[in-house]
Amino acid sequence: MPVRDNVEIGLNRFARRGYDLDEVSIVPSRRTRDHDDVSTSWQIDAFRFDIPLVTSPSDAVMSPATAVAVGQAGGLGVLNAEGLWTRYDDPTDVYRQLRDAASPETGPPTALLQQVYAEPVKPDLVTARIKEMRDSGVTTAVRVSPQHTLQLAPTVLAAGVDLLVIQGTIVSAEHVSKGGEALNLKEFIADLDVPVIVGGAADYQTALHLMRTGAAGVIVGVGADSWSTADAVMGIRVPLASAIADAAAARRDYLDETGGRYVHVIANGRIETSGAIARALACGADAVQVGEPLRAATEAPGGGVWWDSVAAHPRLPRGGTSAPATARGTLEQVLLGPAEAADGRTNLFGALRRTMAKTGYRDLKEFQRVDLVLGGNGAGTAAEGHLLG
Amino acid sequence: MPVRDNVEIGLNRFARRGYDLDEVSIVPSRRTRDHDDVSTSWQIDAFRFDIPLVTSPSDAVMSPATAVAVGQAGGLGVLNAEGLWTRYDDPTDVYRQLRDAASPETGPPTALLQQVYAEPVKPDLVTARIKEMRDSGVTTAVRVSPQHTLQLAPTVLAAGVDLLVIQGTIVSAEHVSKGGEALNLKEFIADLDVPVIVGGAADYQTALHLMRTGAAGVIVGVGADSWSTADAVMGIRVPLASAIADAAAARRDYLDETGGRYVHVIANGRIETSGAIARALACGADAVQVGEPLRAATEAPGGGVWWDSVAAHPRLPRGGTSAPATARGTLEQVLLGPAEAADGRTNLFGALRRTMAKTGYRDLKEFQRVDLVLGGNGAGTAAEGHLLG
Amino acid sequence: MPVRDNVEIGLNRFARRGYDLDEVSIVPSRRTRDHDDVSTSWQIDAFRFDIPLVTSPSDAVMSPATAVAVGQAGGLGVLNAEGLWTRYDDPTDVYRQLRDAASPETGPPTALLQQVYAEPVKPDLVTARIKEMRDSGVTTAVRVSPQHTLQLAPTVLAAGVDLLVIQGTIVSAEHVSKGGEALNLKEFIADLDVPVIVGGAADYQTALHLMRTGAAGVIVGVGADSWSTADAVMGIRVPLASAIADAAAARRDYLDETGGRYVHVIANGRIETSGAIARALACGADAVQVGEPLRAATEAPGGGVWWDSVAAHPRLPRGGTSAPATARGTLEQVLLGPAEAADGRTNLFGALRRTMAKTGYRDLKEFQRVDLVLGGNGAGTAAEGHLLG
Amino acid sequence: MPVRDNVEIGLNRFARRGYDLDEVSIVPSRRTRDHDDVSTSWQIDAFRFDIPLVTSPSDAVMSPATAVAVGQAGGLGVLNAEGLWTRYDDPTDVYRQLRDAASPETGPPTALLQQVYAEPVKPDLVTARIKEMRDSGVTTAVRVSPQHTLQLAPTVLAAGVDLLVIQGTIVSAEHVSKGGEALNLKEFIADLDVPVIVGGAADYQTALHLMRTGAAGVIVGVGADSWSTADAVMGIRVPLASAIADAAAARRDYLDETGGRYVHVIANGRIETSGAIARALACGADAVQVGEPLRAATEAPGGGVWWDSVAAHPRLPRGGTSAPATARGTLEQVLLGPAEAADGRTNLFGALRRTMAKTGYRDLKEFQRVDLVLGGNGAGTAAEGHLLG
């Protein structure tokens, strides 16, 4: 296993140096290109997408309807098979409660989230929600947790999803459990007919092991968006630029090891602007998992508030919540523009196309080689502070 | 003596590079594990604890009753033998004064702290407080300052404590004094029947020298919590991740030197979240000294305000104070959960167990080898800024 | 091509380390000099200026009248040939709308900017504006975008400008376009009689290629002032100190390659104080492009508000706007003093002269060799926070 | 000349890495000592002081009376021979105007400062002020600017000062002037009977050259306190920890070169807490120049407001001003305690004594060898944010 830059933090105790996405930036250093000549398309297994987007499964932004809308805009919408839509026949009222409990300064209280998620998941609803999405004709995906994969998979598969997303805070290829039945990912995936995206993984080795389970895609990162509190709660932090680059190295090594199996790297964590999307792909990701910015879409079921998927954990919630955002346009406008503000939170993928054009790249695979610069302190911060568009 | 990374700050003047706890994080990089299969237990001398907690002796959080409650929750509560409980027959009124003098924005004024701590310590009260704790059946510990150890020790030992904590801002194995009787730690400890925890120490050499005095545990760090102002007042700062790792190296070297005496490293300083607890242990600590987060327990004698133990120094106060915190549940809930917020300030040791599970470690000694990453700028900050749970 | 310090951000993925202007400072390290003995003059092609200033073409600060005033103060005013003055016969009312739509906390809304810039450019007005400037006798320059250079150049040249500025976010010497007619800079410049300033460029190679097109000057940097949001929107960031030094290296190499053609490096981006101007020149720039500070001049057509030239982009605006600044004196006073505040935002070039005197340099070319220091954290910030002059 | 760590900021353009005082801290790493056994005394030429303090000559804190009070407390008070006390027969009213023009949020306006300092200096008043100080029996010092040294020196010397301080933003041993009479420091000092302290200098070479002029002390640093805006206005920044260490190296080399002449290094710049004082001495300074913290003394002539000595510059003011501080006690209490707050802004030199005790040093010369640590991010900041003592 290759080793990255190591720092001796104390006598004989070492830490690898890691870099966050906002420490690394793109530098135009060659030709430029018309942005109409640029393609942002992405293909995983048999499924092709116009934009390299896998949504976060947060109920704050994903309903069967918005998952379909994302598909129609060219991305992959992922519904949480263990979320509000599969716990409640009609979650409208629950959404209203959560929204009403938020104030202009605060999001839904954690205690209320814990309470509404205490309602059990209903397999019938899982089937019904998947059907609703399938009927629209878009590529269909749902997320299950590693803990409930064995229990929910039969229902999910019978309902006919196209892609299965197995996602927890940290997923390893080898989970040790003294009691109960543990998920053996390799065996599980081998028996499946649909491609699996699995994660999060935080380093080269875990990513490589997950690739060896037969997954079609590996999610890199821990927690979603800057609202994750894995750092304060668990002491766990994944500097994402480094984690993506490490996972991309695992992808190359696994490609070589298998003589040609290409497993997609999907970046997840603090990706809240079009600039962050471009950086994640520049660091080596094939696609990005984005959630929080979608709450500004008029269709967002949460009505503008946000909560992370682990924000409702019964004993150890690990995600923040947020006060309502002002709507900025339809989901399509948030994804594809036009933007009416200059803060990188609308026209997310139109901006990506323009970055590719300004740096002269034609497609995403080429763009993974773009020149990077480390440093430039405070530029982003300053802009955020000033932004009034 | 081994030497760490040295930087030339000016011509021929060097400074060792040090890292704070919040610069270093944990990276999951191997298997995962059921969190029920994880043990957080810790043993020092003959005393075994379910959680690796030694409390800060601050009167803001420790009374005989809360020391007992901490013991019942599985940790070690430490009462200050030179605090309010040994100066006042009934400190209730003093606590009320301090609490009343705080406002929603400010803690108890330093001048008032200086005034209430001007009352002399009464040996009879020391005896009574220790008896009160012993009667409950928990492991009993009190803190004395190096300056008053010789004077108070006979009383404290006669009252029958299980562990003695000798703690000052900086404690060295060799204190030079022209006049008066200085404490010779080595001789003092050799004559004792109870194990001694001593500190703070800030580097490899001081830690090693303290280990050689015969102490059972060495406290690493200067001042407690981020409220310490040793930095602004004295120009002294101890980047804790590095200090812990250095002390752990001293522990290894002393273990080798003695052919088997294992002296525990107890980390102290700016440990205010479960994430920081996990980091301190990951850097090599055997246990953590935690104080400030306990003020959010309903039982906290200070009623939510905080002051550091050196905040009341008559001529050179070196600790801040803080406005009242909102209660977040019982002491047990603060320590063991469940949490109703996602900010790392409740379920402190349940979170540790989960971090160990996510990184695949079974016990604390193994967990000291977990992979670390340096960097990831602002992740913690952002989460804090957003947290509304 | 020479290579700068490279950091491995992840396995086999590298990023060059870059430094922002505010990370680098000037250190006096030799003789001092009377500031009356110092010259800040600058010459490009046949045109000589008392101060090394090329204005930003933002309509917020540049009108034909202020371009003339800048010329009279010794600098080069650049009018945007695609701005409000060439879209509207009398833009007074548009300016008033933009100013009125700003509040004490916010600048003109992006949507309104998009709307007023939807009006087409009128070639007749281009001609008239240039004539107005020429009639005053100052050196005349206008800015065109790379996209519209071929279309607007005949008009602009016929009107008789002295210098042509071709400026876009990123300009490369080789633009690839499948459809339509692309600008071939080298051929275009070869056919021209007037010297061309072109940019922005972000690295050594792009700067060198632009020099090879025959340009008289190359603009280094992306976006103007800290209001640019290229970072958040596009993931593009150009640490300016490094970019200037790299472009200066390209200037040296091109000088050698051509046996004597000296192409000027003009720094652009986050240059908002006299301190930043001094730093940019110290890093190797021949002149600076400054815009935002000029909005504090009583003559500023925007009346104190600010918007970046790309703030009005119809689909992907990339520049912030700002609330009205209080006027600080005439344009001449902003440029040449005296200053009545100590924040580096007035007497911009008087301050430069004094920095040169304190470091003992007589002219700008010598001053490019002044000693630099990297570091000094927070000094600028603290001063800003405290400044009340 | 020795060379420090150099960073390539761009191709072939280098910057020395410098460190600020607040990046470097003191680490206790040996014995401890009773603080009564510690001496903070300092001697320059024939003059001995109990504390290593040379005051900033700012009129905000220094009057003849406070200069005397500083002397009585054991330090060296420096009156500005070009300040309010030598421009006005009775400056009481001017002080009142400046104080009244301040608000709870802002200090005296720069424009008002410029106006009151436009009054000419009266030689008679210089004589009278010095006599007033001499009569008290303390060591007497005044500051003159390099520009006016030749003109004012005869008056100042005739009045009988003990030490002469020649201080400007930057002073070099070789000032180049085409017109007028320039000060030749070496000749000037050779002719004098009183020792001279001269500065500021910012690097090894300038410090060494100033030592060679025959000065008894060299001031290291540019501007005073964090209120200096040399950074924003001039692009000049002097990371003080590095500058002190470099000047201390010059002191050693000059000591060797002369076979025994010891020139004192006096640190100046952003020294606002007892922690910063301890750090400056730890980096190698013999004494510190402190001003801003003294405004909290009840005797401060400015009544709590602050302005830097260059805040009144007629064309290019370079120092901020500040809103009134609350008085914290007498000048003696600010310098020698006791402190009633834990923020490092009172008992400035009692704290130094305690730091020396905690690190086991007996005198200042030994203390210059104390162990340093680089890093520990945000510790100081956090404490400041929380401090309410």
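In this document, chain identifiers A, B, C and D correspond to the written order of the chains, with residue numbering beginning at 1 in each.
In this section, a contact is a pair of C-beta atoms (placed from the backbone, for glycine too) under 8 Å apart; a residue touches a chain by one contact, two chains touch by 3 or more.
Everything numeric in this text was worked out from a predicted model, so none of it was measured.
Of all residue numbers used where chain B meets chain D, under half belong to both copies. The two sides are thus made of different residues. The angle needed to superpose chain A on chain B by their Cα atoms is 90 degrees, rounded to the nearest 5. Work out the mean CA point of chain A and of chain C, and you get 38 Å between them.
Chain B and chain C have Cα centroids separated by 54 Å. Shown for chain A are the residues in touch with two or more other chains, namely 19, 242. Arrangement of the chains shown, judged by which pairs touch: one closed cycle in which each chain has exactly two touching partners.
You'll find the chains touch as A-B, A-C, B-D, C-D. Chain contact summary for the complex, chain D toward chain C: residues 7-20, 22-23, 105-107, 109-111, 114, 169-180, 182, 202-203, 205-206, 222, 226-239, 242, 270, 310-311, 314-323. Of all the residues in chain C, the ones that touch chain D in their complex are 2, 4-5, 19, 24-34, 36-37, 204, 241-246, 248-249, 252, 273-279, 282-284, 337-344, 347, 350-351, 354-355, 358-360, 371-380, 382-384, 386-389.
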